[in-house]
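First, the structure itself, so that you have it in front of you.
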Amino acid sequence: MKHNKKGLGILTGGGDCPGLNAVIRAITKTAINVYDYEVIGFIDGFKGLVENQYITLDMETVSGIAHTGGTILGTTNRDNPFRYITGGTPEKPEFTDQSDRAIENIKRLGLEGLIIIGGDGSLNIAQKFFEKGVPIVGVPKTIDNDLSATDVTFGFNTAVDTASEALDRLHTTAESHHRVMILEVMGRYAGWIALHAGISGGADVILIPEIPYDINKVVNKIMQRYRLNKKFSIVVVAEGARAKDGEMVIQKMVPASHDPIRLGGIGHKVAEEIEKLAGVETRVTVLGHLQRGGSPVPYDRILATRYGVAAMDAFARGEFGSMVSLKGTEIVTVPLVEAIKKLRKVPLDSDLIHAAKSVGISFGD
Amino acid sequence: MKHNKKGLGILTGGGDCPGLNAVIRAITKTAINVYDYEVIGFIDGFKGLVENQYITLDMETVSGIAHTGGTILGTTNRDNPFRYITGGTPEKPEFTDQSDRAIENIKRLGLEGLIIIGGDGSLNIAQKFFEKGVPIVGVPKTIDNDLSATDVTFGFNTAVDTASEALDRLHTTAESHHRVMILEVMGRYAGWIALHAGISGGADVILIPEIPYDINKVVNKIMQRYRLNKKFSIVVVAEGARAKDGEMVIQKMVPASHDPIRLGGIGHKVAEEIEKLAGVETRVTVLGHLQRGGSPVPYDRILATRYGVAAMDAFARGEFGSMVSLKGTEIVTVPLVEAIKKLRKVPLDSDLIHAAKSVGISFGD
Amino acid sequence: MKHNKKGLGILTGGGDCPGLNAVIRAITKTAINVYDYEVIGFIDGFKGLVENQYITLDMETVSGIAHTGGTILGTTNRDNPFRYITGGTPEKPEFTDQSDRAIENIKRLGLEGLIIIGGDGSLNIAQKFFEKGVPIVGVPKTIDNDLSATDVTFGFNTAVDTASEALDRLHTTAESHHRVMILEVMGRYAGWIALHAGISGGADVILIPEIPYDINKVVNKIMQRYRLNKKFSIVVVAEGARAKDGEMVIQKMVPASHDPIRLGGIGHKVAEEIEKLAGVETRVTVLGHLQRGGSPVPYDRILATRYGVAAMDAFARGEFGSMVSLKGTEIVTVPLVEAIKKLRKVPLDSDLIHAAKSVGISFGD
Amino acid sequence: MKHNKKGLGILTGGGDCPGLNAVIRAITKTAINVYDYEVIGFIDGFKGLVENQYITLDMETVSGIAHTGGTILGTTNRDNPFRYITGGTPEKPEFTDQSDRAIENIKRLGLEGLIIIGGDGSLNIAQKFFEKGVPIVGVPKTIDNDLSATDVTFGFNTAVDTASEALDRLHTTAESHHRVMILEVMGRYAGWIALHAGISGGADVILIPEIPYDINKVVNKIMQRYRLNKKFSIVVVAEGARAKDGEMVIQKMVPASHDPIRLGGIGHKVAEEIEKLAGVETRVTVLGHLQRGGSPVPYDRILATRYGVAAMDAFARGEFGSMVSLKGTEIVTVPLVEAIKKLRKVPLDSDLIHAAKSVGISFGD
């Protein structure tokens, strides 16, 4: 990239999340319109940074992408420049630190620095680059909404929308067939999606990692409804939910090497116990990847646009080592190092849990 | 039911299907508005008929239900009056013929006969009642669209819509992450949903029961795309698809009694083989019950309404032992006995398969 | 276009219609995959043909467009090569016959012929070119579904979906506020959209061009509902509906040159009369362009794909002067000259009208 | 209502808004589950309060209504107990103060007080009743999101969703036909819907009441795009937008008494000027009532549920004369008297406007 203008590099890291393209578009348009930068996007996240693979981002490239899912830059949730696979076998890879090679690329391309859009893992890498002197601004991305340094992340409301619509579909079948229908949603460490979708979709039971459940309490709720002639129940289970005395039972997404494949996650475990204890037909739906894809809802398109513009503003102001964040109705910046410190779990005294319990939803506690 | 008016009974049998309520509404409104009948609906399908459990259906009961999923009458896909559970244990039930008891109820309630909305199984029972002298008109219901006596059944286009939207969601993630994404949809014996959703959702591979697949052909398609720098593929698999040399591998929906549960259906089997043979990250989503629930799309609301009106018309004309059916743009009636004779599979010379292949979709053959 | 391959030109004419891109994609993919053609697309319909403006259509150009609205080729509903504007002023244009210039372009580009996707007007022009010796295959496009030579046209079910969803939205407000809500939909000469959307969306009154209405009958229906304590009504009006003794009152879409603009179409006329005669608060929504845009529903994506493939097949077979058409479940070809002969109006003995009346819908007759 | 329990009355006032039923459900469930109240709902807002028309709200009444639009209690935006129509003619009504009659009803029904869900007008009335000694808690309702005392109101995100989807539909037609498409949305005094929908839907121009526009600036933006070969533009206009030197031109929703009806609002005025000044075909769509109806999006269902629970909590705590409100991520209470003091307009230094301008959106200023 030979140019007289200032240069900026963007990359997206980690799992898919609706709104990534709206962020890329907003950064690029602001960089060009307002600050007169040239912008490049590294391909497939940190891998492109190490391998020096990138595309130029101009007004045409980012035109008409705000409402699309995925990321036009590609992404992986594997590659880490500080521990990069440079040899060995797929089973036994060898890792070396390729961060200096990445920094060399940044220099050779004449970039002032990077805006990195990613989750916990990617922002940790971003912080390490910042500590090595690379000017960095971060944009938080987590569909689970579990980053402590921001109120809401883009993609979350789209995931809630998808899960809520799934509950609407399951509701009618549950009622017609007098069944318990279980929907397993994302949320390994925090139950935000389950909680929001459960309230929105009229769930009877919500099980989240923050509140270990007693299966008897769950069954009691179902039987209590049965006695009121409500012969069906809707249960939303976060994938990281666990019994009071139990461990996490994560559904395996990658097919294993034997056949047939063992795949039951927590949703299936809960289903089995309900069938056994309550004697009611129970069915499980695992929403899985449907939560990460598709067109972002307007809320997320707008939040992603605000994030992108604010990140570029912060970059132009030289506010490096920071991350953009939503606090109330305002976009602010926070130090990256704080952002990655801890997860944002659902507080037990949250008014959302209080509201859910008040309208009769059981958390199995 | 004491009355001076003619009486009609309705029931819904078999699995859930979007549009059932629109049929119930159309029969009821036509019966009351046009033919001056009183209408009752038996609760939970044939079980209500045997146990004499029913509700009165009037204009108020059926108001505002055309756009809702499920059935206000409830349904089961277990109970058969000719082989009814009257003793034993859940593991080892005892069956007796309770069809005379059902007929007795019909008489006692002063009903002229029944309109039965159901799939293959329920229409078989309907035919048996007709043979025993009960005036019957049938309305076909199968989300798989596999009844030979009608061009289209209600609920099918809603299921295609749901599956197609799921493909839209998976598409962006597949592309961003360079993955193969597999969507397993319904269709145990016929691949209509997979075929329609696959064409609509831009699938690269569609596997259906009618065309046993060669996994190497599937992998070839994926690798051919890879070489054209399309590093992702979308595969739609009907649950009844099977390899040329293989057997059907149906996903178990009921949780088993051991833990963790073995659940892998054909989608997971195909995923495992693609990962092994192509070395590409592959993910599976099983759409499951999401296909049977939710608000019917307009096409299905209209078809269900036409079916309901035509069924009542046929009933009033005394055309018993018949079933309503869509032929081209017309609603006609066909003998029930023909309707249940054979499945409507996807013909291998169908212009749909031809069209799919012409735009580059592989069936693994 | 210098090439050793056979050449084909495509163009889209007339108003916007969801599914155009799916047709373009299917023709292009089939032409390249199956018949080894090179394909170009003329820009902005017949204008591009006269002006020799085109783009090359290859696999990349048509990738990922099946689910998008609009047409990547652009369209106009003005330009006619046989009566082409070549001078004068916007107010008083001068027309000349430029069809020979168009034919010259076709020859110079080495095209074997054209596939023309368009409505009544465009297919008429297509027929004229065919009569002048140009090999032509037509693909019918009319959102109103009013072409007599085919059972259904793509785009129609998407328009019905949009109108039906609008009715769902209006329903709740009508009920909460005890109002009459009127939705004016497209359909200047045929009432298909109004009829389908009205049945699907639970309308109480449907007014279509085929059945001139008596406003007193409309008001009677509304008052009759009022007496049954249903203090709201939903009325769907096709833009071409008219009173028994009245003329068509088409809403003007182009702003006029005075201010404020007179815009009331038939929807507003009916609203005014209902308010006057029934004394009930009445509101009008004109759906307008919302019906023509957006992503096609799966039904339309599939039909458009089948049309595109069948058109290319017919072209390759040399079946010129024909148009593809859906008859029942089959795609067939019919002579273009027949296709453009007459409109397909809603037959008064249609089972759709019968069904609508049976469930209590009034047509004001 | 004879009872040993405490009593509570609810009513909904003002225009329709998605989420009203979710609020009613949450108040009722919390009142019964948590605080052991009996709850009644007055029919048709303040009219039911004056006329003593109500229904009992129990768990069954409010079951399954959270996802429905409208209000099961009915509403009007006319009736004011302090200035109630008690005589005269429709053209020249006579008003008297019937507030004492309303208070008498509250006493006779043994109610402790009221929870009033409504907008500016209804909350003003609520405050007056509070000042006369009636224990009142308010729940803010305004689809325009223009109440100063709360960050967001329920219904707003649903309206943005509807408007944003409409823009997606108009986009493809605009692009295919090289047109300017104008969408007129609600927002008489504040441009929140236009601003959010415009950013989400990729508008090129957004006109809001807070920023009087210069039509030449609007035309410049459109022509500038034209020169970049973007031969179409999308303009979102809030109904209360006005030119720098102009007055508000509100679209008349009620049909007038002459024919044809003058209906042009600001959208049509802007369209006319663009056609005249830019010479580009321009079309207007007035979204109207479609923005107020339909099923609330999950965000609104959740916010409405939190509001309902919090209002009942505040009522039970005796926090009368207050209104529930969202501040950041928390639900709090604020004095009613403050809530009704002033409108919440879009601040000119809002980061939303900054973000919109940064990505290239013009406000005509």
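Annotations for the structure displayed:
Going in written order, the chains are labelled A, B, C and D, and every chain counts its residues from 1.
Here, a contact is a pair of C-beta atoms (placed from the backbone, for glycine too) under 8 Å apart; a residue touches a chain by one contact, two chains touch by 3 or more.
Remember, predicted model here, so these are calculated numbers, not experimental data.
Look at the CA centroids: the one farthest from the centroid of chain B belongs to D.
Both chain A and chain B derive from one sequence, and where they touch, over half of the residue numbers involved are common to the two copies. The distance from the centre of chain B to the centre of chain D, each centre being the mean of the chain's C-alpha atoms, comes to 41 Å. Work out the mean CA point of chain A and of chain B, and you get 34 Å between them. Centre-to-centre separation between chain B and chain C, using Cα means, comes to 32 Å. Within chain B, the positions touching two or more other chains are listed as 168.
Pairs of chains in mutual contact: A-B, A-D, B-C, C-D. Of all residues in chain D, only 25-26, 29-30, 33-34, 64, 66-67, 151, 157, 160-161, 164, 168, 196-197, 199-202, 297-299, 301-302, 305-306, 308-310, 312-313, 327-331, 351-352, 354-355, 358-360 touch chain A in the complex they form. Listed in rising order, the residues of chain C touching chain D in the complex are 15-16, 18, 20, 44, 68-71, 74-76, 162, 165-166, 168-173, 175-178, 181, 249, 253-257, 259-264, 268-269, 271-272, 275-276, 281-286, 288-290, 292-295.
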